[in-house]
Amino acid sequence: MNPVLAVDGLVVHFPARHGPPVRAVDGVSFTVAERETLGLVGESGCGKSTVSNAIVGLVQPTGGEVRVAGMPVRGADRRTLREIRAKAQIVFQDPATSLNPRMTVGAAIGEPLLVRGLARGRELRERVAALLTEVGLRPEHASRYPHQFSGGQRQRIVIARALALRPALLLCDEPVSALDVSVRAQILNLLVELQQSHAMACLFVSHDLAVVRHVCDRVAVMYLGHLMELAPRDALYTTPRHPYTRALLAAVPEPDPALQRAKPRVPLKGEIPSPAAPPQGCVFHTRCPMAIAHCREEVPAWRHLGETLVACHRAEETPAP
Amino acid sequence: MLRHIAGRVGQAIVTTFGVLTLVFFLMRLSGDPTLLLVPQGASAHQIAILRHQLGFDRPLIVQYVAYLRQLLQGNLGMSLVQRMPVASILGSRIPYTTELAAGSLVVAVGIGIPAGVAMAVWRGSLLERSLAALVFAGQSMPTFWSGILMILLFGVVLGWLPTSGVAGLPSLIMPSIALGALSMASFARMTRIAVLDELSRDYVAAARARGLSLGAAVVRHVARNAAIPVVTVAALEIGNLLAGAVIVETVFAWPGIGQLAIQAIAARDFLVVQAIVLFVSFVFIVMNLLADVVYAVIDPRIRLSS
Amino acid sequence: MGIMKTAFLAAAITTIGIAGLIGAPAPALAAPKTKLTVDLPNDVATMDPQLQWDTDSYSVYRNIFDNLVTRNTSGKIVGQVASSWHYKSPTEIVFTIRNDIRFQDGSKLTPADVVYSVERITNPAFKSPQLSQFDEITSAAVTGPNEVTLTTKSPYPVLLAQLVKLSIVPKAYIEKVGNTQFNLHPIGSGPYKLADWQHGVRSVLTATPGYWGGKPPFEKVVFRVVPQDATRVADLRAGVADIVRQITPDDAKSLQSDHAVKVLAVPTERVGYLFVNAQWGPTKDVRVRRAIAMAIDRKGLISALLGGYAKPVNVVLTPASFGYPTGIKPWPYDPQKAAALIKAAGAEGARLPFLTSPAYPQNIIQAIQQMLDQVGLKVVIHQMDQASYLRDRQGTPQEAGSLAFGLWSCACQDADGTIWPLFHTGSIWSKYSNLAFDKAVDAARSTLDAKARMADYHTAFEILHRDVPGVGLYQADAIYGARDQLQWTPTPNEAFFIMDMKWK
Amino acid sequence: MNGRFTPGIAAILGLLAIYVFVAVLAPWIVPHNPLRQILLLRLRPPLTYSPSAGWFLLGTDDVGRDLLSRVVDGARASLMVGALSVSVSLLSGTVFGLLAGWFRGWIAIVVMRIVDIVLSIPAILLAVLTVAVLGPSFANLILVLGLTRWPRYTRVAYAQTLQVATLPYIRAAEMAGARAPRILLRHILPNIAGPLMVVATTEFGLMILFEAGLSFLGLGIQPPYPSWGSIMSEGQNYVASAWWMTVFPGICLFGVVLCVNLLGDWLRDRLDPRAQSR
Amino acid sequence: MSVALQVSDLRLAIGGVNVVDGIAFSVAPGEVMALVGESGCGKSLTAQALLRLLPRQVRQTGGRILLEGEDITALPERRLRQIRGRRISMIFQEPQAALDPLSPVGAQVREASGLASVAAREAVRRMLAEVGIADPDRRIDQYPFELSGGMCQRVMIASALISRPAVLVADEPTTALDVTIQAQILDLLRRLAAERGTAIVLITHDMGVVADIAERVAVMYAGRIAEIGPTAAVFSRPRHPYTALLLAAIPRLADEPKSRLAVIEGSVPQPSEYGAGCRFVGRCPFADARCNAEPPPLLETDDGHFSACWHTERLA
């Protein structure tokens, strides 16, 4: 079966004004199958958002290959890019800046249809109304402006716009991070429902391990431009193979005092190195509690360990859960 | 830092070259000075001879190349009207221009910046409104009017200040006020915005949470941060000062390059005009470079990176 | 808010302090007047007298140099460097040169210097803008111990009047230092020498000790550059300047109430006239041109706008110049007849571009515009800068507009210097061609017989009167403002001889 | 001045409305023909009455025209110079700024270099030179003012476009398939219009003053038509003897420049959410 | 029990609406007290009110703030300046923004110490070491941009604690930080509170952070306290429907994946929409006429556990 999204050895470097380029993404490979949701987690600056932007050509890949529904993104001309963007849509993190404040909600949702000549006039209005209804808003909201809506409602509008073209792939870039807790659940529920009802593939980028676990089938962990581990959800959360995955899981505070305080405290030492000057060998070795001399010298291979793909020299030494 | 300055100088050279080219062709398109040089009764033939002697009958591009070649040798040429090296004409005016620019900057900065800070700190107060009115008043009068009013009041009626000309500090005061008033509003406005901007930042709240008074926070922290955009304005304002100087210098008989520029344009004294423009863009560039240096002094992010 | 307050206090004190510093005393008037301060509207363009002849340059350098001949206060041409002259033939004139004149560097002024001065200004390579005033001279030669002979192409009646503008420069000095240095550090034989010249600021002259013509009245003369009319007047009233050149008639009137100052005015050879394009546009029709001449109320203009500091003229020339015709009456002021003429010419509502520049009095131009509009024309003012104005005015008949205001002076006080360039066929100023007129002015140019010339000019002016290629409006006054103590009579040729002034 | 709609700002807007109203209605409300000279009645002080011509409330000018009528009629020229020249430079400056900010690369380099070139020539010199080349006319005056001032807008438009272009809703428009013209006009332009309007308000006042300066140099509005600047420059020789010739147009000019400046500041505060708190 | 800070009936108004309406709580020395709530609930304003550093448009309309027994609500600015940074201090959400970018971090820490320069440098160095900054001798002269976010927050903590204040107000101190860094900072705060006996008022929206570090928690909603009590009790037996729903809405590592999360319908009301009664009324499953009409009082349900709901019993 052809994956909806195939990312193979993706490299994105940003030139810096002074000094070496920023190696935002440095050789990332994964696929997303139809109807599948892949989570991409990592801390700020790890390159996870760059990956999602590169998939739709919002940033130019430096190397590697990305295919959306079989179409190569790298070197795509303007028309192909337009087609790719019909297949893959993005929901951004901040609903406050995702909508043009000077454009009505209806115009925003209808824009993809209008500029591609897919609908106009009454038909356009009807399709916008249907989309609004689908995300839990009312058709009459179409004539209002974004500032008249709350954050959660705005994110619904953004989702409606992303759905307008019936994409095969939905990229969610931290879609709930900017939302309040009580609203976050609404949006997560909506995303899960829509993903299922539209039979979309989904790449879910987030720093929140609990949220990712909630919506994803498989999860990839990124650190400093590299994938550390990629595994089916349950495998990742129950038997994390990479020390970074374990550290992340340990660091997430559980909203349950009893559980949280019983957790073993093994906070990671130090800070994330600069992606402009990543460490030699395994990029994580500077903070890794298990690092040995070998880790400083050789980049660990991306290899299978059961269902899990992992990049760690000492992945086998995982302590029993 | 050095690389940055080298880049700036490179840009500056391109800019200067563009300025020269633009002004060269504008000037030549506006006619040549032959007619202004001949006596009233000269015949067409006589005019043609003089034009030929002065070289204005050559194709424009030839004149342009000749001019550039001469310039590259560091020669600004001879004024057609004054029959003197342009460099010495300009040289004799620059000190006066500098004096006036400095004087008006003192007025603009000395009033504009404290007013701007006060307007930001006492935002919404009566003080802010009165300062705003004062500051804008300076910018809302044509200088030729305010200048003559001042001359009449302080020069003729009260006799406190010399009515015109250059005679030390007293003669500098009125032109500086007339000219400085124009930039004062820019400084006040920019300072106000910069200070307001900084006042809304967390580090001010943090400083106050540490027990600093608002005033101390402004002096110790806000001032330097707000200085960065203000310095940018200062560099730009130099250009505005030179433009405004044209009229102020005429009114106060102040022998700066603004007056010279207008006279030279009127006389189609090309080389003088071009030299003035060259000088002004040079000042502009130096001021912007200076601003860069000031940024580096103020801001460790610029100083320490690279 | 403690630090804040202190900072503001400091700023306030600084500002007030600067204001306080200015308690400088007003310039005191010294008892024996040794320094005269003059405000000129423009800077001296060149100190080299053979390079520029605009009134401001002339006002300064004429005091440094002596000229071959000059005009006395009554306007008569008299000798200066030349003590006498006579015509050897209609094209040869012999000057006797004084032998008691020394340049300011101590060297003697010799006939060789006179020859050099003529040859220098007539050498095309020197690029003097005055070349056209002297290019009738074909040679200059020392023909005796104190004798110089000038030869002209043809009999040239205006020669003496032109020679009034020929300053004698030192040959040896210029050959030694070169033209550029001479311009910066000129040496002449006049009553004053240049002590300091700050371009655009001031030129300072000091008296030459032992000047052959007498003792200069002031030790020091400072010429300042003050472009703004109102500022010059303020300078005068505040005592910053002792005499200011070029003030407006309105300012002159308002100065009359100030007893410390006075207005010095004299009718000059400068004629205010209206150019009327006879070769293009609605004014090609002579009826329109005549109507224009009849539509202008010259007396009204003079009394209302010029405050009487002008006299009406009948032709485009002033009585101060040779050749002014006495018998010609001007077109009468008759708007009804003018309107009728315009109607007859079918020129009602015709658009007449009126070229002008900021150098000319705006109120007169606007008043003329209204007068012409009232007789049925539509005058549109095109105000541009002086250089563009000259370009268009001297361009083709199409470019020159229908009307232009002018203030003409040839600095030679002769009709030849006025109507020849203004109206002779082919002259750059002329948008008019009449062979009979050309013949008359050409004839007047090539005879030395004053009576014959007068007759020729009479003919010429009669033709101009009929054809109206221009309308003479008024003889302009030169108006100076001076401190009351200054004794001086200004002259029609706007010479600014310090030697003629006195302080009482 | 704190971004809220206060009585102060209402007064400013009201005053500006009166200015515009007077300017528009000038031909119908002037008591005298503003061009009609009565040489015998020149330089008369305010409140002069003439049995033949009637009242001259603000006096007459140096050729005997009614000053009140000229000031009222001059409002039209002055406000038009302000509005039109600001429109020209706003429009051209914004277009260049948008293009430079969106396409960046060599377009931005070229545009911003030209901006630097124009900015480093003193505006009034550039204006005088351009008038000399183009010749004098109202249209050329507007063009000259526009040509010398557009870089100010370009700078702002460029910086703002760079900033707005990074916002997610622009990404979203690209995702929607919108092409550059649509993104620039529908998405970026409306969102950078605020800061540009702030610049425009200050420039409006400056342009009116600039025209006054050009009038002073004899290159402003063509006589005999009045603008405040030209009335004042005609009156500058009479500051001492006929104060009314400069004072009344001066007050009008002062008022309008002050109003637009205050309006601009208010607009800026309103647009800047950060400036509203604390 | 001694009390470091006691707030009673605090009311803050913007343009006539009480956006903080009768907040009351106390913190003991060494205790971490969390104020948790969603955006717009008034928790940050409350924090600013504790230092009397309110934005200009906010007015305090009622209540008292007792710092170590002294009422600071009525103190003049001059006295407040002596209190701020010495007896009560604050750290902020964005550590890098809360430091002046143009002065060295050491100088900013020193500013809070009130010490003269020579002695101060040593004190600052020690304080930096205490908050876990390696190589303090070098860091002391560095500028904020040379330090990472986590390090900047450590500097902020150092500057807040150098004068040994009784109370530290921490306004979302870890929100801008990555989870691994957040864990470090939380550990640090916990350790310092215990070692120095500093009372910490922790403002956060993150229930995980509350669960990790707070001894007691006040759940705020629309300017009022919905529920307050020992953290364990509030999390295990919420006595207010808002708390209960909020906790249920958070995805947990133990949940069934892709299951429907419990939701709170609607969104947080704007101050202009506040009614006469309970402010949660529009989103509450239990809401009835009484809830609409009358604000519920904060009543003790268990030992030290209070809730403001007319229907507390239905949650039992």
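Note that the chains take the letters A, B, C, D and E in the order they are written out, and that residue 1 is the start of every chain.
By our rule, a contact is a pair of C-beta atoms (placed from the backbone, for glycine too) under 8 Å apart; a residue touches a chain by one contact, two chains touch by 3 or more.
Owing to the predicted nature of the structure, the values given are computational and were not obtained by experimental measurement.
When the partners of subunit D are compared with those of subunit E, the chains appearing in both lists are A, B. Ranked by how far their CA centres sit from the centre of subunit A, the chains are topped by C. When chain centres are set by their Cα atoms, the one at the greatest distance from subunit E is C. Each chain gets one centre point, the mean of its Cα atoms, and the points for subunit C and subunit D are 40 Å apart.
Our note on geometry: subunit A versus subunit E, Cα centroid distance of 31 Å, whole angstroms.
Centre-to-centre separation between subunit C and subunit E, using Cα means, comes to 86 Å. Look at where the CA atoms of subunit B average out and do the same for subunit D: the two points lie 21 Å apart.
Taken residue by residue, subunit D touches two or more other chains at 128, 132, 217, 236, 239-240, 277-278, whereas all remaining positions touch fewer. Under the contact definition stated at the top, the residues of subunit B that touch 2 or more other chains are 30-31, 123-124, 148, 152, 156, 213, 265. Shared interface positions of subunit E, i.e. residues touching 2 or more other chains, are given as 56.
Subunit A meets subunit D in the complex at residues 53, 56, 58, 82, 85-86, 89-90, 92-94, 97-103, 108, 111-112, 115-116, 158, 161-162, 164. The residues of subunit B lying in touch with subunit C in their complex are 30-31, 33, 35-44, 46-47, 49-50, 53-54, 78, 81-85, 88-89, 92-93, 96, 106, 110-111, 114, 118, 121, 148, 151-152, 155-156, 159-166, 169-170, 173, 213-216, 218-219, 250-253, 255, 259-260, 263, 265-268. Against subunit C, in their complex, subunit D makes its touches with residues 35-37, 39-40, 42-43, 62-64, 128, 131-132, 135-136, 217-219, 222-224, 234, 236-241. Here subunit A touches subunit E in the complex through residues 43-44, 150-153, 180-186, 188-189, 192, 207, 209-211, 213-216, 233, 237, 247-261, 265, 267-268, 271-272, 287, going by the rule given at the top.
Taken together, the subunit C residues at the contact with subunit B in this complex read 1-5, 7-8, 11-12, 14-15, 18-19, 21-24, 26-27, 39, 42-43, 45-46, 48, 51-53, 124-125, 127, 129-133, 135, 179-180, 183-184, 198-202, 224-228, 230-231, 234-235, 237-238, 240, 385-388, 390-391, 394, 408-410, 417, 420-421, 426-429.
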